[in-house]
């Protein structure tokens, strides 16, 4: 069951932290939490995946690196233009806390609303004091053949970046590692480069996801070529849905990165452009591969159908050959099994042998006929 | 039967309120009411869904809130730039009344014509004294698997908005609730924000409709995987039509909202833009989901076809195995059931047992053959 | 057989009125009349549908209305900027007469050539002294399931409009009626508004045509759901072709109306723009519906195929059940119908009853097996 | 076998006229003559279709008309701005001669290379001293159901035009005829109008080709509706390929004509524009028809498949009815053909007649069942 | 197994040459080498195809031509604006060497990263000191029906060009040949023309690859028309994948060449434009052919399916004819093989002959019925 919290934002009215079921009941809304609510209403629409809300605070510049962890409470943050502040929030169900984070960093209510509505498409928005990005992580569950997707929201201000996600697992570990390392480009650059690095990290992960899909596609091809089983058609279907899901997450991302690159917002330095273009390249490449897998899976479906048709044709040929040969012979045997008193052939001494000769001739003739039809 | 009224508009000639059948007869028109009529001719082309015409008048500003209801008659309205006037008209069949509303708010005859022609696509038009929007409500009938759609027309002037629809149910209840609440952004803003709120409310409802469709799609997937029934193919067909209908209503809406956002008409304040962009986002998201469901339903169709093919293949294999094993054996039995006087095998003491041995060998050999072919 | 006349136009050389067969022979043209001929060559390429050529001359302004009919001869027309002159020409096979009309109104030879080549796509062309439009009327023959299409050419000068078509039926009757009526917008406006009214009238007729198609589509859906017949697949095919034909006529019309709206030619007043935009809306709506019917018909084809597959699957199951149960039993009966002298079971007193018991057991077991496979 | 000549162009080095096999061998090229060769290398890549190279020289202005024919040698041509010079070259295998022509008219090596590489797509190129067009002639072989296509290259200078093609047949006869005629627009106009006339002539021919295809499509529709034969599926396939080939030739032509119309090269006079637009119209119309035939052929494929499915369903029903009725009856007959010593029914006096009654009842019941299932 | 080296670039940190497995382990990366690494990290992601790294150094101008070969070490290169320096690197697994090359020519780390990541799509990038291109070579393995593709990276500076690829085979032999030749355009031109010549050479090779595919498509068409075999469906599938792979390599190349042509980077002279446009033409032509083959292969799939359906229909007809004729006759024979004591027909003298007459009549009647149904 989806846990659901509600809070009106300062620009609107009072904050409340009650179960949203009540609100829904009061507002006469069918079953989706937000119909008729004012824009900027904060409601977490996703599935609660972690018990606590973890906040990781990393502050760095070329010479400083400082990392801290907090749980379930907004830490006391000092913002200073001389270093970059990155707050990584894991766990979105505590709406009041999220709202506190939003208030501290002056994140626009509409952006905060999008952070909590975890079924957003990737996008890039500009606000006065920063830029806001939605990206989706993608993982492929190889046993269920299903894509698991998680929404990540990143708000980038002039000397800070805030990333939001529900899952507690460490999606951004490699970035932390690079930050912790004493040198490297990333420590010399601003919050926009950090945002780039976070997205790049997620797009790199897409390639791993695609490799898992490719493995399944190759495997499926082999199975279909050898002997399609009952599960095969279901697997084709699942893989199709998986590429569909990936496509939905990656297509809008291309547009978002494009708009990021073209943006002349004050938080984005021009030096980041060349990296964003590289990132754009990778996104295009991911899209290309998704399209290729889609085409391949459609090809597999056609292959499956023709395999089944071909096999059925073979089965029918066997049945037809056997029936066509033996049904007439059985008829003849039936005829001479009749009990009429006057059946001259039965008295004929060699009747039985003549009949065998006839039957063998008929069978042989039919086999020649089938061989000519290429059925044998 | 569709009720049909006719009224020439002031710019044109006299008003009349007779059944349109007569007019149609006089004008030699085949069977659709409006062929050859001058533009701006007011004819209600929809289905009458409510007996009376209800008008709800709401006037508000940051401090005032006043709501009144009227039936079948145009109320005496005072328009004042210090507050926003919203007239919500439910019931379109009383063309004379609609015309009166139009005349009071100076709604252009072409806009009024579109209000009454209830099969319009969503659109955004600009007139000198206001903007005009067509949106369609969408609901999904889960038993019939059919989309129910209703046209809503909204005319927005500088200090007023008029909404038109045929159905009497309270589509806009959540908005009234927010207006009635003493505070909140909506009371501080103008008629353009009200229009935004009305459309946003309808687009939020689309998500509920989509969830109903998703439930059916998931359900169908399970049925096909388990055991496709006779109704299955019809259900796939109905769901396809449903997504088709939704698509027809949502695609042009995106364009309309886009033009609303870009418009520099005097009734639209710039502060509404950020909300319209959020609304645009949601529309794109709805379109995305519709496309996804379409792809999923097409996938289900392919799955259904392959399921049927696979099943038929299995049926054929069973038939072929049984026939191929027993038809030759029956032939042999038939041979030794013949009544020839000279059949040496019949006299042979162990003939019967030898034959059984032969028959079991043949059957066993065929079964080995089928196992090798992976039919067993 | 297509009647075919030929006339070189003044800008070119002499006029001739002989059968085009001769010309074709002289020019070594394969079988389509116009290969290698200079542009502007006047040849009627359509089918002769009326015996005579009828010309209807209507002249009007706000106070005057005057209508006259002529046959097979160009009337003596006075053109006067104080009123609008509309010449409606029905019958295109008399090329010399058409040429005379063209010369009087100074219609460019390329436009006149397009009038007579009745397989043109809808389009909008600008000439120095006027604008030229091609539109196609569309009707649906409900017994043949075929679209009947007729080309209409309209040339609009500053105070006149000339419409050309081959059929004598009164496509434009509603417009005449409105002109004849003493009041109404149309009499106050110019030739461009008249052209708008003529096209609007034709587009309104498209909706009637679409309704006829929709009726057939609905009907077909019912038939397929109930019991597909031999004719069904042919009907799907015919309906597909019908939407194809409509599409070919409507898609380019959208573009033509768009160019009409954007045109700044002197014959077009700006006041007509709002009506052209309304007309454009309707054309888009027609296109929308055509696309919807196409999708529906494709859906019906899929439904038909799955219906046939499902039915065949059922047929096969019945066959397989019967065969699988009785073929082994018949084999057993065959075995005990053999005439071997030594068959111990035959002497056994209860042999016959034991065999019945075995046979009933086998049959019952198979039925349980089929029920488990959901074939029964 | 393709004849293949090679000549380096003046801008490059020496001319040679040896078989290109040697060159290919020296250059280590697999099997396509031009890999790694410098651009502008002249190699005829087509099939030699005529023994000699024929050159037809026509020079004309409003008062002069002069035509001459030459074989296998470049004639002595005087170029004079007071008249238009048209050299029509038929036969491209004599690369040295082609090169001479190119040098005389100062045709750019890249253009000349395209003339000889006869698998080019239609295109329009501008060079300093002229414009260059590639068009493809299209004919439909009604017995093979295949498109025959020939490449035509046209280079247009200020007072001259050169057309190149391999086939000796008189594709341009109608244009010569019009030029030879003492009057007509064409003699008054320049080389650009001549180029227009040549292309228009070829596009007019496309309509004849399309008519031949339409005839086959109609014919195929009838065959499928009546009784699909073994050849039918192959014919559908061939027609599909034919439309594919036409499409490949016509789509880029549209673009080429468009660029011709928009060009402001000195060889193109503005007066030609209106004719080019007319030509563009016709090309669009041809494309439209090709798309329509493609859709129709796809429709025929679907019709064919459903016809086969429907027929197979009928065949299966017949088989199932017969089998289902007689297999149980045969079983009963088999039972009473057994030779058990104790079978009470056999002694019963009316046993035989009772059995007949039972069998007729069973058969009748099954027929009622089949009639209810609509199989009979 | 893919060999994998790693080196941080000067702009980043230290160089290391250890197996990348360790790095991957340290970085917690799943299985693709580059997740979370900083941009510009040099890792060879391809398959090692050659043991050593070969470097071919060619330096030329109109009068000078000098070629040298080196292995596994960066040669001592003198760069001089008076001649063009071309370094052709074959073998990418020695990342340290590649990095040295990159440092000498000042190739941007992001470009060098793309050189080593051998699964890039074709593209064109501009850097301050040069332009960078990725192209893919394509070959078709006719026994496996698979495309073999190799990535080639070309970095073009003002007086030099560096080409990178993994394979040691001599893809660029024809270009060397032309350079070695004492004359010819190529020696007079700059590094941009060299880059053009290299790409042109690769695109020319695409045509050879396409011819191999065409041969397979034609061959497949014949097989399907004659008698589809078990392998046929797999071959259709493989060919589809092959065109898919080609498409992925050629589509982005078109865009890359376009951007090359439009570029105003200092390394590109305007004189190269006309050749790039010719190259663009060829790329379009290759794309056209790929699309055509795709359509043809899809056509073959349809043909295959209809062939199988048609054949199955024939098989079913044979089975049905035989069964329908003999099953009733066998029933009759079975009836008169029963052992009832009272069966009057058996005593009737001509019973046996009458039965034969009945059976022949029934069989004849059924054959007439089948002939009428066109099954015979």
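Lettered A, B, C, D and E in written order, each chain numbered from 1.
As a convention for this text, a residue touches a chain if its C-beta (ideal position, glycine included) is under 8 Å from a C-beta of that chain, and two chains touch if they have at least 3 such contacts.
Values in this document were obtained by computation on a predicted structure and should not be read as measured data.
Colleague: Which chains contact both subunit A and subunit E?
Modeller: Touching subunit A and subunit E alike: no chains returned.
Colleague: Hey, how far is the Cα centre of subunit B from the one of subunit E, in Å?
Modeller: From the centre of subunit B to the centre of subunit E is 43 Å.
Colleague: Which residues does subunit C have that touch at least 2 chains other than itself?
Modeller: 305, 309, 312, 316, 319, 323, 327, 330, 334, 337-339, 343
Colleague: Chain touch graph shape: choose line, ring, star, complete or other and state it.
Modeller: Topology of the interface graph: a ring, with each chain touching two neighbours.
Colleague: Could you give the sequence of chains met when travelling the ring from subunit B by way of subunit C?
Modeller: Here the ring, read from subunit B toward subunit C, comes out as B, C, D, E, A.
Colleague: In the complex formed with subunit B, which residues of subunit C make contact?
Modeller: Interface residues on subunit C, with respect to subunit B: 173-175, 177-178, 183-186, 197, 200-201, 204-205, 207-208, 211, 221, 225, 274-275, 277-278, 281, 284-285, 288, 292, 295-296, 299-300, 302-303, 305-307, 309-310, 312-313, 316-317, 319-320, 323-324, 327-328, 330-331, 334-335, 337-343, 374-375.
Colleague: Quick one: which bits of subunit A touch subunit B in the complex? Just the residue numbers, please.
Modeller: Touching subunit B from subunit A are residues 11-13, 27-32, 34-40, 110, 119-121, 123, 125, 227-228, 230, 233-234, 236-237, 240-241, 244, 248, 252, 301, 304-305, 308-309, 311-312, 315-316, 318-319, 322-323, 326-327, 329-330, 333-334, 336-339, 343, 345-347, 349-352, 355.
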